[in-house]
């Protein structure tokens, strides 16, 4: 069975501003690992798109969200990546999560949110500290709007307290990070396959 | 397929102190709903047991955790319930989560944490405000130690800002809460069955 | 002593989109209360301004932040207001906090961040659940970048679990909310006066 | 002016179990620094005491909290220290915070919580990741129950992602940590002096 993953890169910077992104680097490593399990990944760098603030699925003229939302709905897996700022998820990632609030009222004919059956995992990168909390926020937000979270669904890297090294400048991916990436990809793909074959039951009655 | 759920009630009070618990009430409603899906639930009121602080699976003489841990490992589903205090999970619930930190190094012959394949959901009750954050903390902690989180895995009740009503004193379960309970039970049972039939693959190599 | 407060309203909607904002309503009530203590408040509706993503104080052409930043530095008090979405602070508020990350390296001749001596408080509004966590995030972010937090520095309103009422549609401000507003204004003004008279000491040596 | 600080060490282990504590080490460094500002510190290792779960100020027979609470009320500064487990505050620290929930209804003749005028700061230590979130939780809990938070009120150390080094085993305190300790001590003492001279006004009327 082949699977599609959509990777939303929440780096604060558009591509024309800073071509490389530590968050993007970690997400690439995950996308490569996904291939081992038949998962093809498309990546969207959110800061390249004009996603309007709001909690509906279409905030009108010039809103880039409807197209991104369409890609989410066509995917089996959603990988949300974000840098850490002040120990918290970045505002670009937050905006995308916020737009998925609309899923709460978007259900199929059996009462299931449009996100049901999709599996989500998380990539987090920072100079230092904050990855667990970021994953907590993203897990909860995505679970509220209908995504399923596989075992060990986060891969992250942060440096020592008050550090300033960027993940992208590491000479080599640390073994612990590589292990998290392998685990994330393996478990995410496994669960996505199970749910693609056996969607959640009708939520009616 | 029949399934076993273990429900850990994190109310701060032992049974001999306050026979009724709002957290316990919500968990009972969930356990009843679980029955519709062939899930039998055993409940442990954590405050009735002397769970030592620590992050190993056995903290020595008098530690009640090894027995609770054994029951977790025999179950397909873990339901974690907690009251909200100061907008956060209670210390009794936190202690149980902390003890599961040991799972990080407890793996089977295929490198899978002992919790792999088990599904977790969450029940939260408070006079007011805090349920989303509590679920975020519990989801992340349980996911880190190997549990899988089904879609819409939390049921909660809280009153209006600064309220003082207890869930147990409500004359009737609010419809919105009943809907969350139904969803939680349906999705948790569905995912637990899938994973019981098709465990995550080996984490080796 | 007269004091200046800057109120940043993090509602997701620009003024031309939705003239009224529940967050704005709560902030107005706080601003009125501030007057009792000689505090004049200027309010900025963040969504009316093009605040670029980033973590510097000037993200270049078209960035509205430098002007807002200037007003923060001219104020004695910063009031941060945000709606709750998915139990978390909104992305518009997050973006403003993120921009203050730059304060970490902006110090005066005595090594103090430019925010030192300023007092911060928080206003949070949602249909339901999330205020404590939102205040936790905002307190920590603002404290990291140099603000001081007075006792009981948050005023909030949320409805019962899964509620859909808006604060702006309440016929009357609930007494508990009015009490929080009074406390917030009294304590914030008191502490701002103390620190205006007696700034933190030099951070050198 | 001389000041008293009470340091609550939330390490999970009692003194007879593990004589040294990384959390304790960081708190000692802060206590030494406090001396420069005329602050005398008394430290309580919470795990050495039988603090009952609950949200009142006296949970009855054998409860060690009333004595600790008395020391909090006699102090000008509260320093809360905790290890990080699963990216979150430890259960021992959480229990102490939970007990302070009682302050919400313990007011003086002018309607001020018994904690008003006291300043709180935070020490956090972990093998890796979690310090910002822990400080967010502790700041919010303590602020809710009446404490004031000075600028840059946290000192922490954590290692790189997935690290296993203990703070106590570092050969030398990293400069960045020493800088945080200096800042924390300086600002905490400054604000405590201001508030000791000029308590918050009456909360009546």
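A, B, C and D label the chains in the order they appear, each numbered from 1.
By definition in this document, a contact is a pair of C-beta atoms (placed from the backbone, for glycine too) under 8 Å apart; a residue touches a chain by one contact, two chains touch by 3 or more.
If you're wondering where the values come from, they're calculated on a predicted model, not measured in any experiment.
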item	value
Contact-graph distance - origin subunit A, target subunit C	1
Selected pair, greater C-beta contact count between A-D and A-B	A-B
Reference subunit D; chain at largest CA-centroid distance	A
Separation of mean Cα positions, subunit B and subunit A [Å, integer]	25
Where subunit B and subunit D are represented by their mean Cα positions, the distance between them in whole Å	29
Whole-Å gap separating subunit A and subunit D, where each centre is the average of the chain's CA atoms	35
For subunit C, residues contacting two or more additional chains	86-88, 132-133, 136-137, 140, 144
In the complex with subunit D, residue positions of subunit C that touch it	113, 115-117, 132-133, 135-137, 139-140, 143-144, 146-154, 182-183, 186-187, 190-191, 194-195, 198, 200-201, 203
In the complex with subunit B, residue positions of subunit C that touch it	86-88, 128-133, 136, 156-163, 174, 176-177, 180
Sites on subunit D touched by subunit B in the complex	12-13, 47, 53-55, 85-92, 94-95, 97-98, 101, 137, 140-141, 144-145
